[in-house]
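Okay, got some structures for you below.
After this come two complexes, each holding chain A, first together with chain B and then together with chain C.
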Partner chain A sequence: MEKQDVYDLLAEVCQDDVVKEELDMDIFEAGLLDSFGTITLLVEIEERFGISVPITEFNREEWNTPNKIAKELADRA
Partner chain B sequence: MNILKAIQQNSIGYSEKIAFKSEDRSITYGELWEQSDQLAAYLLKQSSQAKSPIIVYGHMKPEVLISFLGSVKSGHPYIPVDVSIPFERINKIIESSQAEFLIATEDMSCEMFSKHPIKIIKEMELKKLLVDDAEKSSSKHWVQGNDNFYIIYTSGSTGNPKGVQISANNLSSFVDWMLVDFPIEREQTFLNQAPFSFDLSVMDLYPSLCSGGTLFAVTKEMIANPKVLFEGLSQSDIEVWTSTPSFAQLCLMEPSFRQELLPNLRTFLFCGEILPVNLAKQLQKRFPNARIFNLYGPTEATVAITKLEITKEIADSHTVLPIGHCKQDTELLVVDENGAPVAEGEKGELIILGPSVSKGYLGSPELTEKSFGIMNNKQAYTTGDAGYKKGGLYYYLGRLDFQVKVHGYRMELEEIEYSIAQSNYVKSCIVEPVYREEKVDYLTAYIVTNEHSFEKEYQLTAALRKELSNLLPAYMIPRKFTYLDQLPMTANGKVDRKLLATGVLA
Partner chain C sequence: MIPFESFYFFFIVGILLIPSIIMGLQGKASRKYNMVVTIIMLAIIFANSLLGTISLLIFTIWQVVLVKGYIAYRKKANSTAIFCIGIIASIMPLILVKILPILGLNHLFGFLGVSYLTFKAVQMIMEIRDGLIKSEIPLADFLYFLLFFPSLSSGPIDRWRRFQKDVHTVPTKEAYREYLYLGINKIFRGFLYKFIIAFLIHFYIIVQLLETHYFELHPVQYHLLNMYSYSLYLFFDFAGYSAFAIGISYIMGIKTPENFHLPFISRNIKDFWNRWHMTLSFWFRDYVYMRFAFWMTKKKWIKNRVTISNLGYLMLFLLMGVWHGLAPHYIVYGLYHACLIIGFDFFDRWNKKHKVWPKNKFTHVVAVIITFHFVCFGFYIFSGNLFY
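Our next item is the complex of A and B:
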């Protein structure tokens, strides 16, 4: 799992390529991801990268930018 | 059942019992009754217009319930407005409803509404008058019979939200059905997940208050932070679960969401969108002691009018779940384009007749006339929903127009298109739903732009999102923005929605 793979997945889930370019943007504040989008994201993370993140560990302070999400996933890989 | 009478009895019988609990705040039946009396007495003194609507702004606080009851005890219907609704839209609601008061249970900047003659009761003022020792209100002022109890605003295709009027009689018909035909017992704990501006909340609010139950609120802050949500749920001891299927789907992402977490959960009530078979099956596995009910109904007929218990047999023998049987005091017809009933098994439009059908849209006689009328001596609502009846069960087939449900939120695609088209960047626009496993997953906006100076499309998207957030609640803003040189047209000059929906242009 490369960082770029994470950004690509995020762009798919958010339906917006901005997340590949603005790596420190808050995707919740920008309205790109909501609670229901979060489910899609976690399902895809498990399917593609084999990393299972319980929804209770997904909090918006630590998972709110493309960079932070990539880091969280790298720590778990 | 007289709703207020039932709550009054509970305020005497269970005065110390908690009626509503939200994060670290709660209110007992005794406090709820007394404080809503004080508010009612104040409203009676200050009001110069009998039966004028009162907007109640806030999100799952005890003061919101106090304000609802205070309004109806003083003879005024309330209009619930959640904090997710932007000010521009609240302005439209004030204008359309001619509301006399706005009660702000949360801090809000009210200058936005200065062009209206509305009387605003601010958070601090409300707090003060609730501790005042006013005289008791008398039941002779209570909303009753055909008078409006609440008005819920829902998306309208012309770009303006429309207010569905629900009378005391409408609400009684619904609550009676809930308490008789469902396994709801006295003094149970109910989940309250839907914001009050969404009529799914009525499915837990009044059945709970009328049966001496406790409402356990799940706030938007909790939903945004699942860790806090599950800590809350584990302390909640919820016995009756009322939510959209989408919210249960979200909870199922957490492995601990099972019977052990909520050992006394016995009843799931789902409404607001299609209940997928797979979701029902997963819940049956995780909650072996609970019964699952699928309900159907539009806001215009007071929350819901059909139900079916989803047993293992039903789940195993269906790919699409039926919406079940109609409640006893109500008729559900399936008709063709000419309004003639169709044969069993044939597809048609659903028409609802009965005592829970609304009198119509507030201040909109033309819209009301289009969808409401009298049939067989009963108030009737033509739903715009397609369905059929087979083997004694009704099935829902989707909409006949451009209304969609996204995670349970009802909206008109035309209203979103209208709002996007307000932007100077936009020449024309079409919004289409994208489906995933029977349900709308998200919305895509297809936009033809005017000239603009943004270098990249995502910058334009960000600017459009910002503009839209002033006009529409977040749940109505499309997730995906796609830019086209022109919208595809059909041979007869209409926008080719089908071609857009297949996604070949995206």
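Our next item is the complex of A and C:
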């Protein structure tokens, strides 16, 4: 799993390529990811990268920017 | 003694917390002392209720056995069936409390705070299943979390991992001074909310409406006045309670999460649930809605995202309604909020396409006003006054 794969996935789920460029943007604040987007993202992460992140682990303080998400996933890979 | 109802209660808590404050201001750990305070307060709260005490003891032993048993099991295996049995077993006492009165077995089992304590126990089973709670759960710490007296009767609903982190962090002198300041501040806000504002609304409006013959003279005005005054009363009374619980927690070095964040300025119904009884709605969001939606998406039983989301909302709010009680008005209250949020979601999606409702200061104000009235009507359903 490369960082770029994570950004691509995020762009797909958020339906906006801006997340590939602004890596420190708060995607919840920006309204790009909601509760349901989070679920799609977690299911995709599990299917594509084989990493299962429990829903309660995915909090909006530590998983709110593309960079942070990529880092959290890299730590678990 | 009912917590936070009399000044006598605050007097006892105030005296018992003097050593906590002295230790805190010196930067010393007051965990053990605070545990003793919790035991004393439990004894005082349940002193006049033998049945409540026995129920609480049985409940506590039951939850300890379940949580300890499940974590031991989870280290070896992870079957979905066992997980489901664990959850049902954990909710069972609450189900009994709700169902026994219907069967005519009133006052057989039940105690103050059973519905709030159940949330704490159930989330532990869920997080053990998720592998988020792996390490040993010390018995004393678990009991402290479950029975923490400030939030015993009506929340806020804390989370084990968050609570545990606070329990084992000793604040520095400076940090504790801040806790103490905030804690006292919150307690006084509680006094203002509950004993002044809520009291005045109740005494001068709600009681007056009942005692005079206002209803016979102006039925429509009666309902409207009752609806808005009850909504404001409910907020100030409940937010006052929460402020007491949070304030006392802070003095004990525990940063119990906030429960209300200016709910009457919500710009839509989703925003409202992020501001009203927050620890309850976040609990349902995390442990019911999100889990249900995740499961459905993963298993691909339902393909359509919108359908999954709407079913999730329906389940969430029905459960929330039933949790308040099995009376019809609670269930209608749940259904009402499910309809509002599903309706709002529909409008929001439609608006994204058609862009009829622009985002500006004017529409924001209008949205806040509309939301306020819908919310108040919801509380009116909740009050039961609409039906009886």
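What we mean here is this: the second predicted complex is superposed on the first by the 77 of 77 C-alpha atoms of A that agree within 3 Å, B and C clash if a C-alpha of one lies under 4 Å from a C-alpha of the other, contacts with A are read in each partner's own complex, and residues count from 1 in each chain.
Definition applied: a contact is a pair of C-beta atoms (placed from the backbone, for glycine too) under 8 Å apart; a residue touches a chain by one contact, two chains touch by 3 or more.
As the structure is a computational prediction, the values presented were derived from the model and not from experiment.
**Student:** With both complexes overlaid on chain A, does A:Ile39 touch chain B (first), chain C (second), both or neither?
**Tutor:** In the superposed model, A:Ile39 contacts both chain B and chain C.
**Student:** Have a look at where A:Asp17 lands relative to chain B and chain C in the superposition and call it first, second, both or neither.
**Tutor:** First partner only.
**Student:** State whether chain B or chain C is in contact with more residues of chain A in the superposed arrangement.
**Tutor:** When the residues of chain A touched by each partner are counted, B comes out ahead.
**Student:** Counting only touches as set out at the top, which of chain B and chain C does A:Arg60 meet: first, second, both, neither?
**Tutor:** Touch status of A:Arg60: first partner only.
**Student:** Identify the partner contact of A:Gly31: answer first if only chain B is touched, second if only chain C is, both if each is, neither if none is.
**Tutor:** First partner only.
**Student:** Find the residues of chain A that appear in the contact set with chain B and again in the contact set with chain C.
**Tutor:** Overlap of chain B and chain C footprints on chain A: residues 35-36, 38-40, 42-43, 54-57.
**Student:** Within the complex, which stretch of chain A touches chain C?
**Tutor:** The touching residues are 35-36, 38-40, 42-43, 46, 54-57.
**Student:** Residue numbers of chain B touching chain A in their complex, please.
**Tutor:** Touch list, chain B to chain A: 223-227, 229-230, 246, 249-250, 253-256, 407, 441-442, 444, 456-459, 461-462, 465, 469, 474-475, 477, 479-481.
**Student:** So in the complex, which bits of chain C are touching chain A?
**Tutor:** 126-127, 130-132, 285-287, 289-291, 293-294, 297-298, 305, 308-309
**Student:** Which of the residues in chain A end up touching chain B in this complex?
**Tutor:** On the chain A side, the touching residues are 14-18, 21-22, 28, 30-32, 34-40, 42-43, 54-60.
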